[in-house]
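The same subunit A turns up in both complexes below, where it pairs with subunit B and then with subunit C.
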Partner chain A sequence: MEQSVISPGNRVKGPEKETQKLKRTSNWKKYMWGYLFLVPAIVIFIIFLWVPIIKGMVYSFYNIDFVKGNTFVGFDNYVKIFNNPDLWLSVKNTLYFMFLTLVMGFWVPIAAAIAISELKFFQGFARIAAYLPFVVPGVVLYGMWRWMYDPVGPINALLGWFGADPVSFISDGRFSMISIVFMETWQQFGSAMLIYLAGVLSIPRDWYEAAEIDGAGVWSRIKYITLPSMRSLIMLMLILQIIGTSQAYQSQLALLDGGPNKATLTYALFTVKNAFTQLDYGAGTALGVLMFVVLGILGIIQFKLNREEY
Partner chain B sequence: MRKFSALLMCLMLFGSLLAACGGGGGNKNTESQTNNGGAAPSNSNGGNAAQTEEPADDITQRKVTLKIHYPLPDETTLRAQEDDKIARFQAKYPNVTIVKDDWQYSVNEIGVKMASNEAPTFYNTWATEAQLLVERGWVADITELWNGWEYKDDINPVLQNQFIVDGKVYGITQNGYVTSTVVNKKLLEAKNLEIPALDWTWDDMYNVAKGAADPKKGISGIAPMGKGNEAGWNWTNFLFEAGGDIETNTDGKVTAVFNSEAGVKALDFYKKLRWEANAIPQDWALGWGDAISSFQQGRTAMVIAGAFDVVQAALNEGGMKPEDVIVYPMPAAEKGGKHYGILGGNYLVINPNATKDEQEMAFRYITFDYFTDDALKSVEDTIQARKAEGKYYIPTPLEYFSEDSEYATKIQSIYDKYDNVFKYDPNLFGLLEGKPEAQFGTQDFYATMSNVVQESFSKKGTDSKKQLDVAAQYVQENFFDKIQAQ
Partner chain C sequence: MERGILSPSDLQKPVNKILYAFMVLCIAVMAFTMLYPIAMTMFNGLKSNPEINTFPPKFFPTKWHWENFSKGWDYIPLLVYLKNTMFIFLGNLVMTIMVLGLASFSISRIRVPYSRAVYFFILLTLFIPATSYMIPNFVNLKELGLLNSYWAFWLPAGANAYFFLLMKNFFDGIHPEIFEAARIDGASELTSYLRIAIPLSIPIFATLSIFIFSTAWNDWFWPSLVMQTEDKYTLATAIYKYVINARNLDSSIKFSILFMVMVPPIFVFLAFQKFIVRSVSLTAVKG
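Presenting the complex of A and B:
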C-alpha cells in the first residue's frame, strides 16, 4: 500500500473527491450544449434588458448630457422629482386610472368568458367577435374613438335621442379618464377573455352536470363552480392588470397629451415628458427607477401567485 | 448545477453592471469638439465617418459621405425634387456619397438621436429650437462656412437672424412664416356673415367666430389649439397683439413677464370665445394636426397657424377651392394696433458630431440650389407635377431670399404663369408683423401655458390674473432661474 492511504481520513476522502470531480465533469459534459445554446439568449438578455436597467439606475444619479458629457449629481434628480407637484398628481391619476380599469374593465372579460362558454351555438363566432377589437391598430383606435366621443358623434347622438345635452367626453376633465378606460376596455377585453375562457373550459364538465342534476341554475353554477375554480387565475390576471395599468400612458398621450388640465397625466406619461419633452433624462430615469421598485414588488407577488397556481 | 447557475447569473449581472457603468462617459470625444466651437473634426458620425477617407488638399477630391435630410415617403414630388438635386450635386462632387434619411426633427426624438449618434449630417428644425439646440450642443457652429458663402448678404435677414446666437451662425433658413389666421369663406357665407377686412381686430374675430359657430352641427367659429405645446403657442400670438411679452432678459437674468395686463387681456379674450360666444369646438383638446384637420373638413371657420400648412391641407387634402380660403394676419387687439404673429420658420442645421469635411460638404449641399436657375427650374417642375395631379402649389409666405430681390422677381414670374399656384392677397404682406419667439425656455413656457389654456377652457369663471401669476411663478422657478443667459 502507498503512504497516502495510511490516514483513515485519506482512505475515505480521496475516492470521494475523485467521484465528485468525475461527477462534475460528467455533469458539465451533460449540460454543456444546453448552456452553450443559452448563450445567445443570455447575451441578448444582458444587452437589451440588464444593461438598460442598470444603466437607468446609474443615470438616475447623473445630469445627462449625451453630447457634452454626464455629471454626477447624487440624489438631486430624486429631490427634484419629489419636489415637483406633478409627481403626486400623476401618482393620483395613475391610481385613479387603475381603480377605473378594475371597476369598469376587470369584470368584463370574466363575464364575457362565462357567457360565451354557456353558448350552445356560435361560440366560435362570439370568440372571434370579442377578440377582433384587440387587433385594431392604435392609430385607428384613437381616430375611431375620437369620432365616437365627438360632440356630434354616435354616442352623443344616442344621448341626444334621450334629450340629453352633448357631453365633452374628451375635453371635460371629469370624463376624460373614464372615456379612456372605456375605450381601452373595449379594445383589450378580448385577449383577457380568451385566457379566462380557457380556464372556464378546463373545469370538468361532470361537475356542472352533477350540479344540474342537483337542481343548480346558471347563477348557482357560476357562483359555486366556475368562479371558485377560476380564483387563482383571476388573482393572477388581477396582478397582471395592476402591473399593466400602472404603466399606462399611450392613450393618455395620443388622445389628450396628459390634458385637459393634467387630468390624464399618468406616472408613466410624466416620466416620458420629463425625459423626452423636457429632455431631463436624469429625472426621467429617476422616475423610472422608482417605478421599477414598485413594479418589482408587484412582480414578486405575481411570481409567488404563479408558483402557487402551478 | 444550482451553484453553477447562480455563479453564471452573478457573472451576468456583474457584466451588465460593468457595461452599464462603463458607457457613462458616452461622447467624451464630442465634448471636446463642441467646446472647440463645434466645427472640429471627429471620428464618429453615426456610421458615416468610417467611410470618410483621410484628407487630401482639396475637399472635392476627398471621399465624404453625407447622411442627408430627405422628404417622407408620401411626399413624392418633394422626393423627386430632392433626387434631382442629389444627382446634380453628385455630378459636381463625384466623391460624395449620399445616404438618404427621412427622419424629421422632433423635440421628443432629437435627444435620443444625438445620444445614439444617429442624427443625419444635417437635419431640419424650426425657429423655436435655436436656443435649445445651441445650449445642448446639438448643432454645429457654421460661422466660418457662412462667412465664406457668396450669397450670405442676399439671404432674408429676418429669418436668418433666428439662428444667429451670440453672433454665431448655427443654421440656414429655408423659408418662414408669420403666424396667421386662415378663414373658411364658405362657412361665413353660409351664415350670411360679412367678410371682415384684412386689417381686422379682436372684435371682428369674435363676431365672425360667434356668427359662424353652429355647435349642433359640430361646427366651431374658431379652433384655437388646446392640446400640447401648440396650445401655448397659439395663445402667445394674442399676448403679443395685446402688447405683452413672454420674458425679459436684464443682465443675464431672465424674468417671466407674461402675467402682465396684456396677458390677462389675451386670456380673457380666449375665455370670451369659449364661454360667451361658445365659438370654439366642444371637444377643444385639439393639437396642431387636429385643428388643421378640423379646418380642412369644414368643421371650423378659422384656425391659427402658419398659412402655408393650413392652405396646403385645405386645398390639396380637403378639396377646398382657393377662393374659399382667405389668409388673414392675426387680428390687432384694437383698431390701429399691430397684427403681431409669431415669426416661425424652417431651418437646416448641421450635426456637430460630423467631421469638418462632412460639415463643409453638408453646407455646400444645403446651399447648392440657393439663388440658382436650377432651383427655379425645380420649382417650375414641381408646379407642373402638382398641376398634373390636380393639386395646388402653395408658396411659403416668406422665402430665404428677400422679397424685393431679383431672385424673388424671377420666382414670382414663374408663379404668375400657372393657375394652380395659390395667391396670397398682396395686401396681406403689408400687415403681417412677425415677432420672434422668446429666446429662452420657449417650449417650457408653451407647455405651462397649455395647462392654463386648458384650465380656462374647462372651468368657467377662473381668475386670469391668478392663473397667469401661478404659471409665471412655475416657469420662473423651474426653468428661467436655471438659465445662464448672456
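Presenting the complex of A and C:
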C-alpha cells in the first residue's frame, strides 16, 4: 500500500531509461547478424548493378578512352547517334522483329497448351518434345539451323516436294528476319507452353460440364471459359515477350552479324556494335540510356499487371 | 472418366472426331518438328562429310562414322573449356547461396529495422532492362580490373534480384517456430541459416542450380567479351568462335561437337524434370 503513495513519475523514470538502453544494445545484439547478412549483398548490388546503371547515365555524356581517360563532351554522343541513319533503321528492324514474334510466335504456346491438355495419351511425351528445344544451347541452335535453312537443307527439300524453288532463308534479306523468328519460336515456345498448360489445367472441370449442359459447343467453351480464365496470364506473357524481344540481338549477331545489308540490325545489336566493334563506348551507353527510358515505361506496366495478380 | 474441355459425348459426333484427329495430327507434326533438328544434329555427326551435303538430306547415315566424335574431341581442347564453364557455374552457385541466400534469409526471417528499404533497393533493379546497362557494366568491370578473371562472373552473381526474390519467397514459407526453437537452443543466426534454412530449402536451391547451370552453359556473348584469352573461354564461347564461325571445318566434325555440347543439358533436363517444370512456372512470376 505504501508504494502506491510514491509518485509514479519518480518510480518509473530511472528504470525505464535503463531498459531503453538495454533494449538498444540488445537490439543491436539481436539484429547484428541480420545486418551482417545484408552487408555483402548491399555492397555487391551497389558495385555491380547500381554503379553501372548510374555510370551509364553519366558516361553517355563522356567520350570514353581507357588509355587517355574520359572527357566530358556534353550531348555529343546523343547528337552523333541521332544523326546516324542506322539508328532509325535499327528501331524499324526491332519493331518488325517484335511484330513478327507476336504474329508468328505468341499464339503458338497458347494453342499448343490447349491442344496438349486435351490429349488422352502421350501427354507427357508431347510436353517433353515441346520443351526439349529449350534446353538446346544457343550456339548449337545456330549451327543446327544454319544447316536446316541451307539451300540444300531439309526445309528446302520439303519445299521442293511441293514444287517450290529453293529459298536461301538466311542470306535473303526478305526472309532473314522471319527465319530468325521461326528458329527462336522453335526453341522457346515450349517453356511458355508449360506455363499456359498449368493455367489450362487449373481451370475447374465442372465449368465445362455446366457450359455443355447449357448447350455451349467446343469452340464457345474455349472462347468463353478457357481463354478468359487465362487472361491475366496471357497479358503478363505478352508484356514479358515485348520486353524480351525489344532487347534481342544474339541470334541476329551470331547468324548474320546484322546483315544481309543491315536487314537484321536490331536496336540492341546496333548498341553492341557501337560499343564493341567501333569501340565507341560513349555512344553505346547513350543508346542504352534511350532504351532504358523506353523500356522503363513498359516495366512499370508489367509491375502494375503483376500486382493485380499477386 | 476425367473430362477436359471435351467430354466423351462430344467425341461421339463425327465433326468433333475429325477435328480431334486433326488436332492430334498437329501435335504429332509439332513433336516431329521439335525432335527432328535435335536428332539430325546427332545423325549428321555420324555421317561422312559429303553425305551431309547430299540433297535431299538423308535421315540415317549410310555408314556410321563413330570416329567423328574422337576427331571432334581433339579439334579443340573441350575439357579446358568444360573446366572453365564448371568453374563459373560452381562459383556463381556458391555466391548465390552465400550472398543472396544470407540476405534473403535476413530479410525474410530476422526482419531487422529498415529491411523494407533494403528489400526495395534490391528489387528495384528488376525493372531495369539488362541490355540497357550492358555496356557501362562492361566498362565498370574493366575499370575495376576484373576483365579476364573469374571474379567478373562470381561477384556479379551476387547481384541477382530475381534469385533473391525466389529465395526470399521460399524462406517466407518455412514455419518460424523451427527457427524460434533453434534460437532457444542457443543457435546463432548463421547456424540456423546453415543448419536449418539450407537443408529445408533444397528444392529452391535445386531450381536455382538449374538456372545457373543453364546460364553458364549457354551464355556465349558476355563471356566472349569478358574473357579475353583463349585459356579462359567458356564452352559456349569457344564453340561460337572455333566451331560456328570456323571456315575450314568439316560439317560432320562440326555436328559431332555440337552434339557433344548439347547432350549434358538434355541429360540434366531429363534427370531433373520435376525441378525444371517448377522453374518454368517461376519465370512467369518474374518481376
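One rule holds in what follows: the second predicted complex is superposed on the first by the 269 of 310 C-alpha atoms of A that agree within 3 Å, B and C clash if a C-alpha of one lies under 4 Å from a C-alpha of the other, contacts with A are read in each partner's own complex, and residues count from 1 in each chain.
The definition used in the following text is that a contact is a pair of C-beta atoms (placed from the backbone, for glycine too) under 8 Å apart; a residue touches a chain by one contact, two chains touch by 3 or more.
Because the structure is predicted, anything quoted here is derived from the model rather than measured.
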Clash or fit, subunit B versus subunit C on superposed subunit A: clash
Touched partner set for A:126, first subunit B, second subunit C, both or neither: second
Partner chain(s) touched by A:105 [first = subunit B, second = subunit C, both, neither]: neither
Touched partner set for A:67, first subunit B, second subunit C, both or neither: first
Touching partner for A:55 - first (subunit B), second (subunit C), both, neither: both
Partner chain in contact with A:168 - subunit B first, subunit C second, else both or neither: first
Which of subunit B and subunit C A:256 touches, first, second, both or neither: first
Dominant toucher of subunit A (residue count), subunit B or subunit C: C
Contacts of A:237 with subunit B and subunit C, given as first, second, both or neither: second
Touched partner set for A:149, first subunit B, second subunit C, both or neither: first
Which of subunit B and subunit C A:31 touches, first, second, both or neither: both
Among 9-17, 171-179 or 225-233 on subunit C, the segment whose C-alpha atoms clash with subunit B after superposition: 225-233
Shared contact residues on subunit A - subunit B and subunit C: 31, 35, 42, 45, 50-53, 55, 59, 66, 146, 152, 276, 281
Subunit B residues touching subunit A - in the complex, by the definition given at the top: 1, 8, 12-13, 15-17, 19-21, 23-28, 30-31, 34-35, 107-109, 111-112, 114-115, 132, 136-138, 215-218, 226-228, 281-285, 287, 352-353, 443-444, 447, 450-451, 454-455, 457-459
Complex interface listing, subunit C residues touching subunit A: 2-7, 10, 16, 19-20, 23-24, 26-27, 30-31, 33-38, 40-41, 44, 52-57, 98-100, 102-103, 105-107, 110-113, 115, 118, 121-122, 125, 127-140, 142, 144, 155-156, 158-159, 161, 164, 188-190, 193, 214, 217-221, 225, 236, 239-240, 243-244, 251, 254-255, 258, 261-262, 265-266, 268-270, 273, 276-277, 280-281, 283-287
Parts of subunit A lying in touch with subunit B, wherever the complex brings them together: 27, 31, 35, 42, 45-46, 50-55, 57-59, 62, 65-70, 146, 149-152, 166, 168-173, 255-257, 259-262, 276-279, 281
Subunit C-touching residues of subunit A, taken from the complex the two chains share: 31, 33-35, 37-38, 40-42, 44-45, 47-53, 55-56, 59, 64, 66, 112, 114-119, 125-126, 128-133, 135-140, 142-148, 152-154, 156-157, 160, 186, 190-191, 194-195, 198, 205, 208-209, 212, 218, 221-222, 225-226, 233, 236-237, 240, 243, 247, 249-250, 253-254, 268, 271-272, 275-276, 281, 284-285, 288-289, 291-292, 295-296, 299-300, 302-303, 306, 310
